[in-house]
């Protein structure tokens, strides 16, 4: 007994020592042999990840003293996880940052200012809109990676079968509902992600907030009209939705031919084309609401973690410059049809003739910029929850608009 | 199932130390039902009297148990079945569509699963050893001595066990952040000790209570100090108690979700509870990967449990406690 | 135990009280009579302390590790957490170590503002209502099912060992794994549960997306997870009832129901009291089931107090640390009050053995 307790203690002590030793190598940093490790948290989906991983790891050919540790983390928890990691000093050196997260992270001092650093190369080449999302308080906190917007994806065969033209408005979709026989509904309406609500809100001429006037606008007439339009699509049987697992259900329904149309972004092109056949996949501008046609500008940037020692900072900045260089952007577009953020890349032959780019590039040009405020992403949760309530039949469109607005006012302290 | 009669820790109910028979399954006819056709008990003592019931009651009994067993078994069973299906078939209803081990291959080779597994094992094992080690003397002191501060210690231990995770998680997060312990196994170990130590101390007290005081007295007669008595005489007898306590804290830490999710963020630092969540969330739904990982997590846990479960009942009836 | 994954935490907490010699009477009083009791009129503090030290030092040394550990890793955070509830701390103003940069805390003392906000807002009360419903239904159903199954298992049944094994299997699997399994079964479009319903000619259910059914689902899963513990505890209690009692009752002509009411129920009473108390506390704090099964949805309808407190601090943006800590403190207060009331109620009923 004595021995066994002694052993126990020894094992515990050893294990603890092992824990203590083994714990420092997690966040990257300088590895053995003087090699610098740049940990890169990528949030891309499974199809995209393969390409990004390969591209990122090839950075070693540019800087042989740097090793890239590519980590793919789910988009879902990415913002939370970065926020958990950042104040602990254990964040990745480089983070793929959604356009709406930049100001949030920057306002908390989690991102390093990049003006005048190696990270920013040939700044004038960046699309103006893409560049705008990297700014917070007059300082650059990120470098654009890809730009995107939403569009209408449709199944050509099903539309032909039903003898329906590509719809230009929500009215068109509703009117055509009966023509699609044997489908649950012609259209899948993504109900669990607020980003997908923007076309309806913009379509009625509304917006979440007016940042310049510091007012909440979601409960205007236009906001209510947008929620009514959503409600109407579902009630009329023109659309189906889910309040959870929306992505999977949407891609499943579209891929199986249960629905003929969905709204989606460039990131879904590969998966959608694979599911229904590339020749079958059509992409068109988002259907208009009663006022106009509008889709949100989205995209991703590269952010560099603020708390890096000098050598890592420099390596991370160079890594960002590499990842956002024209060559890499071109390659990513060729392989994934994602939209580059550099004007020069659009002039490259292979990019200019890419069918998806041909469609999406003009769409992005007219996409609506969101208010890049630190609270930008915090606006999503209330919207998601209130719309969920509406989809479940717990509240009317008016109530949804006013409840969302109340929560925004609490959050922002605006009118 | 005479398991509990074989388990060593049976002096748990205070009376049982001297009368092991009390923990044997008593064959009772407590429920409605008439005389049954006698069935031979397996390995149990010949019943003094057989509860008897009619065929109908017998049928009802089996039906009830079968339904219960089915409900208990089906979810894990379905998880196992699904883990052998390819991704596209994850939700198919057939038992075996295309049997494949691809999911396992994927989980082991293409994800950080093994790292997470290692993290979990390290954290949980260290937590368990430390907790049992730190708390056993306290359990003994609480069981044997009266001393100023004892009541308040007992109360502290009790209240601490009631602590909702919510009351400590924010301050712990902030403190760990200040001392650079977030995202480190050490941080999670310390956190789990907040759960395990009070609980182990309390449980150990229960076990020590079941060891006759006469043993201590004999130690004193032999001129041993209280420490000597504890170390040489009592602790060896409490071995099974230590084991059960360790097992409980192991299981609890193994399955902890909230702290693990909030405190561990880097891909390489996740524990299994956090890692499994990355397979299925709003944007990624790799059910096929999740099921294979789940089976790999559940099987060892279930084996350990299967080995230890015969002690469970003993643990549950541990200690007549009265402060 | 916070977030007990399971029942393992054992009734050790309360210790299943069994009739028997009260251990306290066997306990050696390490001190001379009266010492350390702080009896007024005793020797001075210094003398008392010295005498206390000389007589109790080994007890104190023995408890020192636990006292130190609890003081440091529970006491300190607890005090800090309490302090935070009087501030406006959030993610933007607490001390942050951002790698090489350290940013000092800038939050302010706001007095009782957080408590006022929480208690005056509707959120806390609606979550509390649902948490109470959740706790009561989970514990009641689990208890009934556990007791029933224990009664069935406590008889001579062919395949008893197998049944027992099968029935406690949910306990053997880490809860977070089973919860994911349930999520698959509950999947609205393609889960097997709905397939079975449709196969049986019924309409599919929105298990996790309809507020009512989501509540039913989380309760069902929690019951599934909790029954094995209840079953084992109850089986232990049943088996400790001397069979002579039943024989005697039978001779007196007591029917099965009478025997159940007059022998079985009183026999399992003290175990039940402890188990129910513990289950209540665990269920009240049961984080993983809600968090992993529904994430609190739809529209927060299944969020219990602890998951909401967690969300405030780690998921909502901006992260409200002070608010979350306030919820935590209130939850703890509720639990302590509940436990005290429960104990008092049992005492009143003349439960001499006491739960603790």
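Chains: A, B and C, in written order; residue numbering restarts at 1 for each.
The definition used in the following text is that a contact is a pair of C-beta atoms (placed from the backbone, for glycine too) under 8 Å apart; a residue touches a chain by one contact, two chains touch by 3 or more.
On a predicted model such as this, the values are computed, not experimentally measured, just so you know.
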Most extensive contact between chains (C-beta pair count): B-C
Centroid comparison with chain C (C-alpha atoms), farthest chain: A
Computed distance of Cα centres, chain B from chain A, in Å: 41
CA centroid of chain B to CA centroid of chain C, Å: 15
Junction residues of chain A, two or more chains touched: 84, 87-89, 245
Chain B residues counted as touching two or more neighbouring chains: 177, 180, 262, 277
Numbers and ranges of chain C residues touching at least 2 other chains: 94, 96-97, 187, 190, 314
Touch list for chain A against partner chain B, complex: 1-2, 5, 8-9, 11-12, 15-16, 18-20, 22-23, 26-27, 39, 41, 45-46, 71-77, 81-82, 84-85, 87-90, 92, 192-193, 245-248
Residue numbers on chain B that touch chain A, as the complex places them: 122-123, 125-126, 129-130, 132-133, 176-177, 180, 182-186, 189, 231-232, 235-236, 239, 262-263, 265-269, 277-278, 281-286
Chain C - residues contacting chain A, complex: 91-92, 94, 96-101, 103, 187-190, 208-211, 297-300, 314-319
Of all residues in chain A, those that touch chain C in their complex: 79-80, 83-84, 86-89, 91, 104, 107-110, 242-245, 249, 252, 305-309, 375, 377-378, 381, 385-386, 388-389, 392, 394
